[in-house]
């Protein structure tokens, strides 16, 4: 019934990957819980939690998630799984990054040779990761801040990027799919999560004209966490259901489903709660 | 006829219908209507005459409670009309105006005439009977289901008259009701006007530019000139300009070339009206004087109660009113040459 | 080119298969758009009539403000409504966010200015003699308004068509306030956006073609009125 | 409520700071919207005129199709144009994708039906005697068209305002075809969408308020014409 | 006057202006115009008469090349008019139509009259002079800068006439040019019509419902009835219905109650026209016969070339044309009772 209905905010990539379409029916079968999924950017998804609009959030931006819990919005965070990012680019690979394993080194090479790089620039998990990687390259980083007013006080909103914005570094402020097509169109490098890449590369008639050039660096791991909203903060949330859902998600059964989920024949997510799940 | 039968006739004794005091209507700072005091009687047919722009339409629209006077008061059947309190609908249901260029609703002729009945919640069957009858009355029965906007000018006008009659009003205001109507239907409409007035006691106020129609149809006539009730007789109005001769005499020269000695202090372009009662009509051989005496042709004679209206072409058509006996004694024939004398007093310069 | 042909064929396939999920989406789209258009008419037509009908102080300013509202981005409307109906907003208790009602509220705000503006434009051109005729024939204010609106119906129906087209094709508000929740608030357009995000361009355009076909059907119906309006 | 006040104050702050980045975004928005509106007028007004002017076979079908196009989702327009101008499309060689020109093409397709539909609606109500008068006074077809459009200007200007409002507030096409590239194709609305995605709601609405202020300024200007149209 | 000076007068010898053959105009399957053969001469003033819906406006609009006939051919100055090739503009520049209910452009009176000059690329200074003069000519100089849509009915009509004159056409078509114009300006407009025709050789074709105006102004008159040139005299038209009496005589009973013996096979509702030349006018004492003889009052007498037109009220106003000598010998006075006899042959039933 309606009382067994949970509202969950998640990132577009989670929904787009199709993983929820196999997880949620099983959840309903096991627990009777139905989930109303609201997919949006990581920032907006966390924001939904802060505003108490949802019962639970399922996102991938570990540091922000931890802050979310620390600030008392989230009851707890459970690591569910991870996938990984890869750096893709044109097959010709003009910068010659193919042999490098370290993501930071790759970006550094791209930055040095001023080869075109497309950034999501939307403050998403991917973008957050990318910013961290650029910082690690040691290239000079510019910080752009905009002053706004929040709760009557001035506050700064900042955004970091390597020098060269608009020349070789393009910040397009769009979702992963759009960023990929943009990169293909411009034959540029970009950072992408493996799931989306697989879909675009093999899931369509006219496969993506970009190749994986860098993968496997642990820095490129992308962990997903589930956080029920703290009922102390918002008394109206269905914490009990949320709690059951979160627990179910880290159960061996759900972890097994995650491990078995394949995109274009390749494993897309790696369970973190029960690492060996099959 | 059903229409004539169901009209609730109340032949009341003559009483005041409209009373207007210091009524003023201004548009963009221009005063187009300025009536100090005017009272119109009930159950009469009133003809409203006056040149273009005299304010006839404006007055009718005020009397139909459609536009608000800029100043002044108006009483309808002894009750003062309040143009602001939004209770005009009750008054409007008693008075109906047929506009100068009637505009029918974008539907059929039938539905147009049916509309006033519909909003008065007349039952459908009765409605149909009345509409048919009214359309027949104005000779538009054939066009019942024609779409109104495709009708010719005169056809439109006649449907509008039927539409107004369907209101079964106490007062009908008609703005040039026969202007574009053909001869047969002019006669017909005049008959209808007379009939609804005589048999049903409906007051009729109509405007026209046809002096003879007015005197034929109306119990009373009213002349408007530049928004005022004209004191001087509104007839034989012409434009011209004032000229002096060497002796200091003042002449008014009309566009047609006619030169009239006048007594006026005005200069430049003026208008004059010539009192048709004060003009002397004579046989050609009797030559009065040197000035203001013109030769002309007798164009038309019209019977007007105890007088004869003669239309004489003296370059322009001049209207002259002569008592019947006097006219008889002159032994004039149509088409004959005659002589007109316009005394200075008969000419009003304004 | 292939892509467009593929999309078109997929659209036909979608319709042919009468997929339950598709039916739900179509139904949500139609319901939400129809209700918001209806409300916009109920509010916008009388409002436009009142504004057009007579001169009043501040009329031009009001029209200018209405015209400005035509440029209101859906994001602003979305966030504006969000501020009221989110849990922390003053209507938070009504639990409106991520429901169809929320979409309707947002879309209503989006199209009321459209209906109002065009009603004003349509009515302003209507000959004043229609008003005078109706009044003198004994119509009350309401009946007179109906006559004038009837005469202006060609323009007004056009504005309703535009408004309906605007909301059924609208994605921002539906996404932000509805949340694109499958089975609840997923509309044709949010589904399209989703498929697009996934890279399923063919499916996205196929859904768009289904939407256009639907809209064509609606318009054949509307056209019947607009045609009648020309008599 | 706080949120809206914050947004409003932030908008003032933004304007006050005269941020270079903001100015670029505003300029791109205005330029793109103005050009696409202009093109839509140049195409839509004559097209509307021709359709309204005389009866022809298939007229009603054409109007119905136009009305249907009003419900064209931006995603469909975006993908449609994309299919032509992407590197693999037939116009791929022109390198149009992710440029302002691409946005203009898409927006043009979006609003031409709006301008056309309302031009038809406005002109259909214009008394045929205007046409006959112009013709008999010796006007050629073009001059006659101008007379009729002049008489219908109240409705036509309204449609231009709606069209301009539509494109300046539009986000889907700008995003898909422009790519939201900072400094190149980032418009007010794509910037807003981005901030929204980031969860920076205050900044997003602040940008929206700046847009509305701009649009108000434009409309004061438009209103001058529409007011004149009433003589 | 500038206007009259600059008119390029070409007093050509009488030649054919319009030639119409089998011209048909149908609206929604209804034939509203059906002219087998008609040719109109140049440099003449032609009056077009006929009841509402006779097709007058339709004919004028075809002659102004504004609407396309459904069938048939039309020659203008010996050249066949091709309504399809889009070259009508050259023809339209020679012919101008003043519509029955003229509609001015939404701007000032001045700009309205200026428009035809502007599109003919007349220099600005000259334009201004001509517009002022034309507005003065129709007595609308005062309203130069008034916005056209606020003018009164008659004012609008007069501005439209000025506007048409600004085209300096070869042919002017006027649809009821004086219908809502005041008396002074009616005279004025009639004078203008005559002047532009006589001095400048402009052909004028006008419609009217005023028989007397037509005969006063026009060189020739044409009667339209139900889209055809009327063979029978278009005068004294009345509606009624046919009744039989016991002896098999057929009577036409008019709406006014008048009963006329007629010879016709028609039944039910009909219309009749009574030839004014065939009606006998007599003193009251001379009682002819039992049928079709009516008592009436002499309302009006009008001079018409060698005849006198008498308007007699016999319940309805009947028009009678009597040769001058005959009328003189009758010694009738206005307002007197007279007797009318309408022979069966004078009545046309249709």
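All chains are identified by letter, namely A, B, C, D and E, in their written order; residue positions are counted from 1 within each chain.
We take it that contacts are C-beta pairs under 8 Å (C-beta built on N, C-alpha and C of every residue); 3 or more make two chains touch, one makes a residue touch a chain.
Please read all numbers here as calculations on a predicted model, not as lab measurements.
S.K.: Taking contact as defined at the start, I'd like the list of chains shared as neighbours by subunit A and subunit C.
M.R.: Common neighbours, subunit A/subunit C: D.
S.K.: Have a look and report which chain pair racks up the highest count of C-beta pairs in contact.
M.R.: So the pair of chains linked by the most contacts is C-D.
S.K.: Among the chains, which has its CA centre at the largest distance from subunit B's?
M.R.: Result for the farthest chain: A.
S.K.: Rounded to the nearest whole Å, what is the centre-to-centre distance of subunit A and subunit D, using the mean of the C-alpha atoms as each centre?
M.R.: The answer is 35 Å.
S.K.: How many angstrom lie between the centres of subunit B and subunit E, each centre taken as the mean Cα position?
M.R.: So the centre of subunit B lies 22 Å away from the centre of subunit E.
S.K.: Taking each chain's centre as the mean position of its Cα atoms, how many Å separate subunit D from subunit E?
M.R.: A distance of 53 Å separates the two centres.
S.K.: Find the geometric centre of each of subunit B and subunit D from their Cα atoms only, then give the gap between the two centres in Å, rounded to an integer.
M.R.: Inter-chain centre distance comes to 54 Å.
S.K.: What are the residue numbers in subunit C that touch two or more other chains?
M.R.: Residues 196, 201 of subunit C each touch two or more of the other chains.
S.K.: Where in subunit A do residues touch two or more of the other chains?
M.R.: 40, 178
S.K.: In subunit B, which residues are in touch with two or more of the other chains?
M.R.: Within subunit B, residues 101 contact more than one other chain.
S.K.: Can you identify all of the chain pairs that touch?
M.R.: A-C, A-D, B-C, B-E, C-D, D-E
S.K.: Subunit E touches which residues of subunit D in the complex?
M.R.: 127, 129-130, 132-133, 135-141, 143, 147, 150-151, 231
S.K.: Using the touch definition up top, name the residues of subunit B that touch subunit E in the complex.
M.R.: Touch residues, subunit B against subunit E: 27, 50-54, 57, 100-101, 139, 150-155, 158, 175-176, 179-188, 191, 209, 211-212, 235, 237-239, 255-256, 271, 297-303, 308, 316-317, 324, 327-328, 333-335.
S.K.: Which residues, counting only subunit A, touch subunit C once they are in their complex?
M.R.: 7, 12, 15-16, 36-40, 51-53, 175-178, 180-181, 196, 199-200, 203-205, 234, 236
S.K.: For subunit E, which residues count as touching subunit D in their complex?
M.R.: 61, 64-66, 86, 89, 92-93, 95-97, 99, 101-107, 115-116, 119-120, 147, 149, 163-164, 166-167
S.K.: Write out the stretch or stretches of subunit D touching subunit A in their complex.
M.R.: On the subunit D side, the touching residues are 2, 5-6, 9-10, 13-14, 17, 19, 21, 86-88, 97-98, 175-176, 179-184, 186, 190-191, 193-194, 196-203, 206.
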